[in-house]
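Paired with subunit B in one complex and with subunit C in the other, subunit A is shared by the two complexes that follow.
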Partner chain A sequence: MTAETKSGRLVLHGVSKHYGTTRVLDGIDLSVESGEFLTILGPSGSGKTTILRMIGGFTEPTSGSILFDEVDVTDVPIHRRPFNTVFQDYALFPHMTVVQNVGYGLRVRGLRRREIETRAHEVLALVALEGLEQRYPAQLSGGQKQRVALARALICEPRLILLDEPLAALDAELRRRMQQFLKSLQRRVDITFIYVTHDQEEAIGMSDRICVINHGVIEQVGPPLEVYYRPRSGFVATFFGDNNLINGRVVERTEPGIWRLETGLGPITCSDDLLSGYEEGAPVTLAVRPEAIGLRAVVGAGTEAGEADNALRGTVNRVEFSGPISEVTVQVGEQTLLAKMTSTVSALPVQPGDAVRVTWNSGDGAIIAGDAEHHYRPDEEST
Partner chain B sequence: MSGPGLQTTAAERTRERGAELLRLALIFGLPAVFIVIPLVTFLIYSFWRVEDGQLVREFGLGNYVEFLRSDSYRFVFGRTLFMSLQVTAINLVLGYAAALFISQRRGRTKYLMVLALIVPLLMSYIIKIYAMRGLLGTNGQLNQLLMAIGLLSEPSDLFLFNLTAVRITLSVVLLPFMILPIFVALERIPASFLHASADLGASPWQTFRLVTLPMSLPGAVAGAMFCYVLASGDFLAPELVGGTRGFTYGRAVFSQFGMAFNWPFGAALSVILLGVAMSVILLAGRLARSRWADR
Partner chain C sequence: MGRPVSLVRRSLLARLTGRRLVASSLGAVTGFVFLALYAPILLVAVLSFFRLRRGKILWDSFSFQWYAELLSNRQLAEALTSSLVVGFFSVLVTLVLATLMAFYTDRQDTRWTLALRFVIFLPFLLPPIITGLSLLVFFKEIGLSRGLITVIIGHSVFVLALVYQTILTRLQALSRTLVEASQDLGATRWQTVRFVLLPNLRMALVTASLLAFALSFDETMITLFLVGDNATLPVRLYAMMRVGFTPEINALVTLILLFSTLLTIGIARFVGRDAGAQVGL
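Then we have the complex of A and B:
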């Protein structure tokens, strides 16, 4: 360990956790790069916290190994791991003041009291908590506790900080501010952050990469934009907001850069970059975001294609006005498609029963291998 | 007009207030009658005196003066308080270790152990003391064990009918009172505190010293208080296993009532012990009330 390598690379190799016959985690392979802000995102019960607990050393994996800078740390006891955790309930020691809590990691390392206090003040300044040194945790607000917990982890100069839904207990406004704070802090201190949350917006707003996990299996790992716009499974496609999933199969390349898909809604064109690696005849699912869809009125019996690459005829089922965005569901053949329209006066004032043309560009959307289904329903999460 | 309606409400309100007062009188009055009145009676008795077997109902501090003048009473008093301190100290160490051991067991084992602690509390006190007497006697199991492992060549009479016998008996009998509050205190420490401590680099011993021990201290204080108060006032155990050498303050009080028929002096001795017990309870309350818990 040299002084320059402040943060390290963490690799999970085939990590599984079984309780009896229940598989909480199944064959997790994940590498977290040095200095990265990685979010493990999944619904409750997906196993995301278990991953964090195994990295921290609080839970032993049933099989697999955890490597840190090429060193196997799977069997290293908690107190010898160069990681620190910010717990969901903060776990601040109630019988110690703020400065004692923050200095705890240095105290158990045998540092002198004066040095501990000097460094505790520095770290408290970093999290903007000067002046609260002599308070007890019970005298702090939720946001302050959260920052004390962060300071307590930072003072140990760990190479990796694990954060277990640290903002879950805060109200919405404070949560937004803490998100920005955490992100800028992570850049300043240049420590690898592994952050667990069930909140998609939080994940998209803060992370360098997101690891989406469901039922103990990694669904997809990638930067926020990629996970949002290029989901590789039905779960990921529908976990980040609404999505229209259209099952079909690859037919042929009609012109350079454009492929034709045969779907239940008829032929659909799709651009090359979505379809790389698929062969003709392969079953695929096209996922199109509701906000990528446009609606046009059908004038007479006209069949003009307009400017959009795809145009399907349908009938408006339902219009839901909710402030800036209106949600319109359109029946197209057997399937219902959802479109989200900006509520402007000039936008098409569609009404249920109207015949419309549903349009989108062939470059919008994502291709998922196989016949994907809507795996995620927000109302399932509470179970 | 609403006049009659209002009058009814006022009457109802008065009735309700009456019912409320009655309820409060029952809730606070009954314990007061059964606890405070006997204590006050004792207090009053302690200022009276007995002359020629007759109770003289005159106020005076004679009984207290007699206690302070008498070397033997003060000696027994001091010795009993010191012995109670020893019993408390022994039980603090044993009880803490036992409570820690139990709290670290898992699931069913843990609760079977707690149950095993509670069962003796439901048993008759006298039976427990007689059992201890059998254990400690010349032919008792303790002597047999010590001879079997070769520590003694012949049975020792050091374990019965002296103050050591009282110490051992009280320690054993009062141990659950020490273990239970400590166990409860340990159980109430969330695992995340222990995890956080280890996460910050503390060894298991450091976690124990800096987190577990301070956070379970209120339980230890409560246990010590129970032990001390119960040990200092006990007269049955010294009576049955103490013999002539194991004379304690509780026996002194008992003899004033049972043999000397000097109730006023016995009452004065009781009041003095009660004063000690109250002081210990107040002190324990102050120690257990942490600066951080109720903020």
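Then we have the complex of A and C:
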């Protein structure tokens, strides 16, 4: 029962799914390493569940292939795939007790009743459900059902577990606890988890890598930190919380390690590691997180020494106090920038109408090729 | 000061008696309805134990005489047997066919399944006389002589729609992911049907069987066209109308009534328990 025998490498190669003229997925290339916790993240209708269903065998891809340990499993029927799924609605068999539900995978493989029960008890202990063996699903809470569904998948010793928004039906507190539980469980059993969700925080908190998908196309795949701080598209930059997108053009290298960008807000400096691979004159977009932006009151007319690398003059539009963080929108030229500042007890840091200097360091933010726009708005998600 | 009080009292009294009047007349109507519905049946039950002379019940003649005579009435006994045999096999045939068809057409709206559904429902909606006549012509053409087999086929065609719809409704109420989960856990199609679908269809299957049996048991019109020498009970009773009923009919009706009542109580308990187990599904 070493890691090598339990999990393997999953590769999706040019996988597409079309329904008539509707393209649900278009040319998905994705590889999932052995023992990895990969999250497929995207808004509703992005095609993320379709990817999961194709890996599980419930939906046939229109084109492309799915390889597992170098073996093509695209046409392998569901019941022969060494993968198990935890369904969004749990899909527990209502006429079976907890122990019968958990033992089902072994029962259909023809194991003896004794052995099934022994193994079921072991797995139930793993998910901390001892003592509920004889209950029916209708007698369980949401969190308990969730763990029965997990145990039922785990008992088959799959090499891959597919989870389709398994926490969506739980309340916030329980969801937080289940996130930690899932993460630690995955470490203990050392099985590859592919987890589908639309919840960014869930994805950042649990995953080894996140695959961001939108309109049936992969936008970016990477570790949570990278996806958050180094987004490669406007969608990714704005899907994970707020971001300021500043369109511009690469002008020249002013000093070693520092580049100058020409933007609608005036010249901006940007460090080398953000801009590697771009040529002079290339259109780019700088994405700066609101928490990376500092605001200082303007005292006098001159530029103060020792300021941050970038300092733009602006006027405060609006200040929104929301507990520990205050959101401040500042008008700079024709663009509004958002800054997030720690609230102080005595007073808000700035007032609407204040003239301020908007600052950030040249190493903060991310460079996106081309003129990126705010592709994602939270209210779009209901569609 | 005394007058207003007494006025209030009187109107209160009037209102109370008014309400009581409404309640009691409602009760009377209800009682009458029940009497009208059940009196004939009760009368039959009473008559199965007593003898009649010139339209009067002889109360001192209580006996099981008619029951004894019923047992020795070979014609009725044979008709009852025919009905039971026909009912049993019609239920068996329709259960198998309807279950397969329900599995086949569940969540499939192709031209084929729509056509199949139409074919299933047509005989149920057609006047029985048309169904009976068509079947008669058909059997004659293919050279199948009339007998219990033709009756069983006729009844199966007739009750199929009901059994099919009962099973399909339950099937559609089941979450699609149950089937997917079963396959995902390694079950073959057959194992999924056996371990997941059939147990969840149990109640629908029982309900459908009982309904189908009841329909088959008193089906007369189609049967008249298809029956051979072995008459079913309704056909035998229909034939007896011409020569007049003998008193053992009362015993027969009472027995059937007793049987149906017990069956109904049984179903009610079964359905109630099963529904309880499904709560929160």
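Here is the rule we use: the second predicted complex is superposed on the first by the 373 of 383 C-alpha atoms of A that agree within 3 Å, B and C clash if a C-alpha of one lies under 4 Å from a C-alpha of the other, contacts with A are read in each partner's own complex, and residues count from 1 in each chain.
Heads up, the rule we're going with is that a contact is a pair of C-beta atoms (placed from the backbone, for glycine too) under 8 Å apart; a residue touches a chain by one contact, two chains touch by 3 or more.
All values derive from a computational prediction rather than experimental measurement.
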Subject >> Three-chain arrangement built on subunit A, subunit B and subunit C clash or fit >> reply: clash
Original post:
Between subunit B (first) and subunit C (second), which does A:G248 come into contact with in this model arrangement: first, second, both, or neither?
Top reply: neither
**OP:** With the two complexes superposed on chain A, say which partner A:G143 touches: subunit B (first), subunit C (second), both, or neither.
**Re:** neither
Original post:
Regarding the shared-chain residue A:G216, is it in contact with subunit B (first), subunit C (second), both, or neither?
Top reply: neither
Original post:
Where does A:G234 make contact in the superposed view: on subunit B (first), on subunit C (second), on both, or on neither?
Top reply: neither
**OP:** Check subunit A for residues that touch subunit B in one structure and subunit C in the other, and list them.
**Re:** 56-58, 77-80, 83-85, 87, 89, 91-95, 104-105, 107-109, 136-139, 152-153, 156
Subject >> Contact footprint of subunit A on subunit C as seen in their complex >> reply: 175, 177-178, 180-188, 191, 195-196, 199-200, 277-281
Subject >> Residues of subunit A that touch subunit B when the two form their complex >> reply: 56-58, 77-81, 83-85, 87, 89, 91-95, 104-105, 107-109, 136-139, 152-153, 156
Original post:
Where on subunit B does subunit A make contact in their complex?
Top reply: 190, 192-193, 195-204, 206-207, 210-211, 214-215, 290-293, 295
Original post:
Any idea which subunit A residues touch subunit C in the complex?
Top reply: 56-58, 77-80, 83-85, 87-89, 91-95, 104-105, 107-109, 136-139, 152-153, 156
